[in-house]
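Same chain, two partners: subunit A is paired with subunit B first, then with subunit C.
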Partner chain A sequence: MRSDERKTTMLDRTRTLPALLLILPSLALSIWIIGYPIYDVVYTSLHEVNRFGRVRDFAGLTNFAKLFADPIFIASLWRTVLWTATVVGGAILLSIPIAVMLNEDFYGRGIARVIVMLPWAISLAMTAIVWRWSLNGQYGMINATLFQLGILDGPVEWLASFDTAFPIEIAIGILVSIPFTATVLLGGLSSIPADVYEAATIDGATGWQRFRYMTLPLMKPFLQIAIVLNVINVFNSFPIIWVLTQGEPANSTDILVTYLYKLAFRYGRLDTAAAMSLIMFAILLVFTAAYIVLARRSEEKGA
Partner chain B sequence: MLNRRLATLAGGMAAAALLALGPAQAQEKTEIRVIVAHYSDQTMGIFGGMEADFEAAHPDVDIKLEDVSWDNLQQRLTTDIAGGTPPDIAIIGTRWLLDYAANDIAEPLDDYMTPEFKAKFIEAFLEPSVIDGVTYGLPVAASARAMYYNKDLLEKAGISAPPATWDELVAAATAVKEKGEGAYGFGMQGKEIETDIYWYYALWAHGGELVEDGKSGIASEAGIKAANLYKSLIDQGLTQPSPTGSNRQDMESLFKQGRAAMILSGPWLRGQIKTEAPDLNYGLAPIPKGTVQATYGVTDTIMIFKDSEHKEVAWQFLEEAAFSDKNRIAFSEKEGFLPVMKAEAAAPAFADDEELKAFTGMLPYAKFAPLIPNWEAASDTASAALQQIYQGQAEPEAALTDAARKIDELIQQ
Partner chain C sequence: MSQKLKRSILFWLVLGPFAVVALFPYAVMLSTALKPGDEIFVFPPTWLPTRLAFENFVEMWSATGFGTALINSLLIATAGTLLSLLVAIPAAYALARLRWHGQGLYRQFLLVAQMLSPIVLVIGIFRLMAAMGLVDNQWALVLAYAAFNLAFATWMMSSYFRTIPKEIEEAAWIDGATRMQSLVRVFLPLALPALAVTGIFTFINCWNEFVLALTILRSNEKYPLTLQIFTLVGGAYKINWHHVMAATFAATVPVAVVFALLQRALVRGLSLGSVK
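Then we have the complex of A and B:
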């Protein structure tokens, strides 16, 4: 027995080295592709860099200090938190019932699933452009409909102020996040065997009880994946806000990524923009790490 | 076996040598890369004509034109310059020129230009490309702004002549509101690019300047007057509702649909009306006066890169082909721009165009965007302050003073 064991480890060891050697080129390539841009962004953020990418003096942390002294950056930061929390929260809350429904056996389920997934295939920018047309105060479809229904008596410019523009942007964000989220959750639901439910029904569990005490706990890993991926996605989501309002009026709908774009490509401040993208990277890294740790801890507790 | 390998190797080398010969011969031609900004679908055709003219006279030169959209132009050039592969010639927005000059990217052109050639230009358009007495580029396109008014709507409101002053404009807009059957008196832009410009018209008309003694002039007395004027137009319902929802195209659409009686815009709108709303009965008039007459003038610049290896040839292309009378007239006429050279202005296409006189007549009063560092950021700062004012979130004086302070910091950077 023992010698057998040793043999296998010996075998493993003799296999490890060639294996490592074999993957070394692709490993080096990956490190180069991922590592070099990160190095370059860090380098840029610590220097004074002009519009043309020419590096001037070492600037230390002044680029970061400039950002934290910039009220638009601070406001955009909090707005990004609001944007991410509401879009991801809304998408998850709406996707759970959608996924549960699509998991039921009913006539035309295949078509229903396709309809829910279909918007995924349309680019975000296109979706946003269509919404911009629909929301136009003077000739948009939405105002025309509300006008005909007698709800409005004059044109309303939905995108003219934060109070209407940002909630609309959040709603569109939720809408476009549903296909992906529902797909992930549906995958989770279909992995739960049906006989558990049968057993619970025989024991007298109500529909709500089955959902609350069986479906939700069993779905937990899928919910976690959906939350983490959605947060990363929505936090960095550019097209909806850019197409609808460009962060206007008066920067009131800017989130970090739209302000980042302005800094880098409109104002030509590549150094501050590099610092900002590092801050965004750090926020997402901390969030993801914290989330994974918390999820593991609760799993251990559960077990 | 070894021999066979050698044989294939030799064969391969011979083939490679043959292949290399082709490009080597072509390389004897001097290659000039020209980045052409996309004004319309006709732009490349017009520049193709310049290329053909020049290559016919200089068979040893190969002009390479690259078509780049305005949206991508700044980023594309920035990337090329940063990567060390700039073109020889490019069209840029004149307001970018300061950065290009400060970073030693643009070639000074004074030594290339003969006095006779310089004299062919209309002085006012050459000037914006001059920084500290050094000419860094030639004006390739020019436009000024004027007031478009809907003749039918004004007539219905009992106004016989287009308003010449802002006071008259307020009166005309009020009359349109009362008798115009739902049309808006004055189209107001409050969103996206040029939101600030739309307000500078009024600032300039009241005697203000964007930059005075190296400081922002938007919070001057004239600026506050202009902001109060626009805010009162909005509050009295003389504009379309919630202008912060209307960008330039939205506002121009209102005019094309006959739903706004007066708007301020550039020569391109004439062309659009011709194709999209040919029945619109409209006229052109100067931008209304406050205490003074003013308009916004914009030029684009064509410039030569300092890193170009063939600057002499590049200049020859500009002087002989791009700025030949024939090609200039073709360009300005087809693109709908104002003439930048005297020969163009005298050409029948321009001299006989009555409407165009509304624009050319404004030229002596044209104000150009000041060549200051961080112009884009300063412009966005002003737009944001205006959006707060238009929405009623801030008092004009407070918002403009705050914005002027931020712009001062940007200018001094």
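Then we have the complex of A and C:
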């Protein structure tokens, strides 16, 4: 306790008990709906479970061993790395120029902002349904448009093979990640005071130099946070791949989340699926830790 | 040519391709939704229908069970949002206004909770709901949506609450109001914009959720819109795409319009809440 007690008001005193009462409902709901499932997944992953969900014998790490012996799991793991890296990389690379442009004054900026943010308002499942129809090999509008432009001369079944389906899924992933990414970056850009640029312009800096040596370094904390949050979102993203290809043909477009879902609810292998959940949980915790470190660092800078 | 005009032309040249791709799904929805049924499966396909088949929307409404699904979506998302706010408001108040032991720990708990998505825990959630007898029950979704949006809502609102001057509340106490009275009559009205922005984002999240609805609900008459429309393209041998596109159009355009109108306030609110 410091001696400036006379200055403290009722709001400044340490009030642990009332605070605990206030956070109690949120803790209770989280422990019930999020905490218990975590416990259950751990428990299930260490046991043998039949396909009706009845828990049998303690199995140690057998489920994990089975998983790492499963070539589809290993392939899905690598594909998840590819999926996350390309979607997040693409979204960041495209969002930087978009955010920089939206931060400047130009004709139609209001409309441009609405168009850029638009994919955000729609559920991923709906977006994916519309794209699936657009990509239909016989009657889809993608093929129709490419015929009319003379680019294609025969129908292409875009979603029938990995070589076309997965890049398309990545592109759609990038498209729907841009609104959030651009918003975070725009928030960062608008916090850079304009007089910094004016001074640099007077000193003769070109547009590129200003971007490279002023905007980019000042944006660094926002870029880091945008990357980490996007990695978590994209890693967890289920509807795009589920609606477009369900991980098919022959599991070739499965990522961890879609394979997890199949394992649990289609093949009825709850125990192995639980082990897989835990591995994904561990991966997410690493990213979360990275986020906490980055957020704390940028908070310290801001303070 | 003025500087601004030059810049505008350049920017739109760069943004153009992105705008085309972002608007493409709307063009497809509209084109297919307004085509007469017998023009859907014609090769090669065309953008423009021979006549505008507005009757698709009427047919779709009964053929897809749109009304029921719409009401389900509204009920589930509203209940999930209200429960989430109800639980998050006191927690956000404690974070913003009180000093207590364990505050740092609680913040980190919120961060971790925010990172978790339902898909990673889907097995555990399903088994929990099964144990409580809530499989194929919409309340399971309400509880889960409230829990998974809780961290975000608490985080957003506590950032806002901190911007409301403490002196206003203290003045109310001096005037003889109890803590509870000043909270309800003075503080919450001032916090209303924050509640609105947080509520809208939570509502959109609930409205758009897919995995848990897919896992927990079994009977068609309980499905929300996303799931109902997904079911239309899931198993059917012949998909009536003109109905499906009319349904997606009717389901997405209202949300998109609301989002576009509120976009400025929402984006400002989000960047204030999440980045600061």
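The definition used in the following text is that the second predicted complex is superposed on the first by the 253 of 303 C-alpha atoms of A that agree within 3 Å, B and C clash if a C-alpha of one lies under 4 Å from a C-alpha of the other, contacts with A are read in each partner's own complex, and residues count from 1 in each chain.
We take it that a contact is a pair of C-beta atoms (placed from the backbone, for glycine too) under 8 Å apart; a residue touches a chain by one contact, two chains touch by 3 or more.
As the structure is a computational prediction, the values presented were derived from the model and not from experiment.
Touch criterion met: A:G53 reaches subunit B and subunit C at once. When the shared chain is aligned, no partner comes close enough to touch A:A200: not subunit B, not subunit C. Judged by the touch definition given at the top, the superposed model places A:V81 against neither subunit B nor subunit C. Of the two partner chains, neither subunit B nor subunit C is touched by A:L152. Set against each other, subunit B and subunit C differ in how many residues of subunit A they touch, and the higher count belongs to C. Of the two partner chains, subunit C is the only one that A:R113 touches; subunit B does not reach it.
In the superposition on chain A, A:M214 contacts neither subunit B nor subunit C.
In the superposition on chain A, A:Y291 makes contact with subunit C only, not with subunit B. Contacts of A:G137 after superposition: subunit B is touched, whereas subunit C is not reached. Looking at the shared chain after the overlay, A:A273 reaches subunit C, while subunit B stays out of its contact range.
Taken together, the two complexes place residues 53, 136, 138-139, 155, 265 of subunit A in contact with subunit B and also with subunit C. Listing the residues of subunit A that touch subunit C in their complex gives 9-16, 18-23, 25-26, 29-30, 32-34, 36-41, 44, 53, 94, 97-98, 101, 104-108, 112-127, 129-134, 136, 138-141, 143-145, 147, 155, 175, 178, 183-184, 186-188, 190, 222, 225, 232, 236, 238-239, 242-243, 257, 260-261, 264-265, 270, 273-274, 277, 280-281, 284-285, 287-288, 291-292, 295, 302. Against subunit B, the residues of subunit A that register as touching in their complex are 50-54, 136-139, 154-161, 245-246, 248-251, 262, 265-269.
Looking at the complex, you find that subunit B touches subunit A at residues 74-75, 78-79, 81-82, 99, 103, 105, 190-192, 240-246, 250, 253-254, 259, 374, 376-377, 380, 383-385, 387-388, 390-391, 393.
Every residue of subunit C that touches subunit A in the complex is listed here, in rising order: 4-5, 7-8, 11-12, 14-15, 18-19, 21-25, 27-29, 31-32, 40-47, 86-88, 90-91, 93-95, 97-103, 106, 108-109, 111-113, 115-117, 119-128, 130, 143-144, 146-148, 150-151, 154, 166, 169-170, 173, 204, 207-211, 215, 226-227, 229-230, 233, 241, 244-245, 248, 251-252, 255-256, 258-260, 263-264, 267, 270-272, 274-276.
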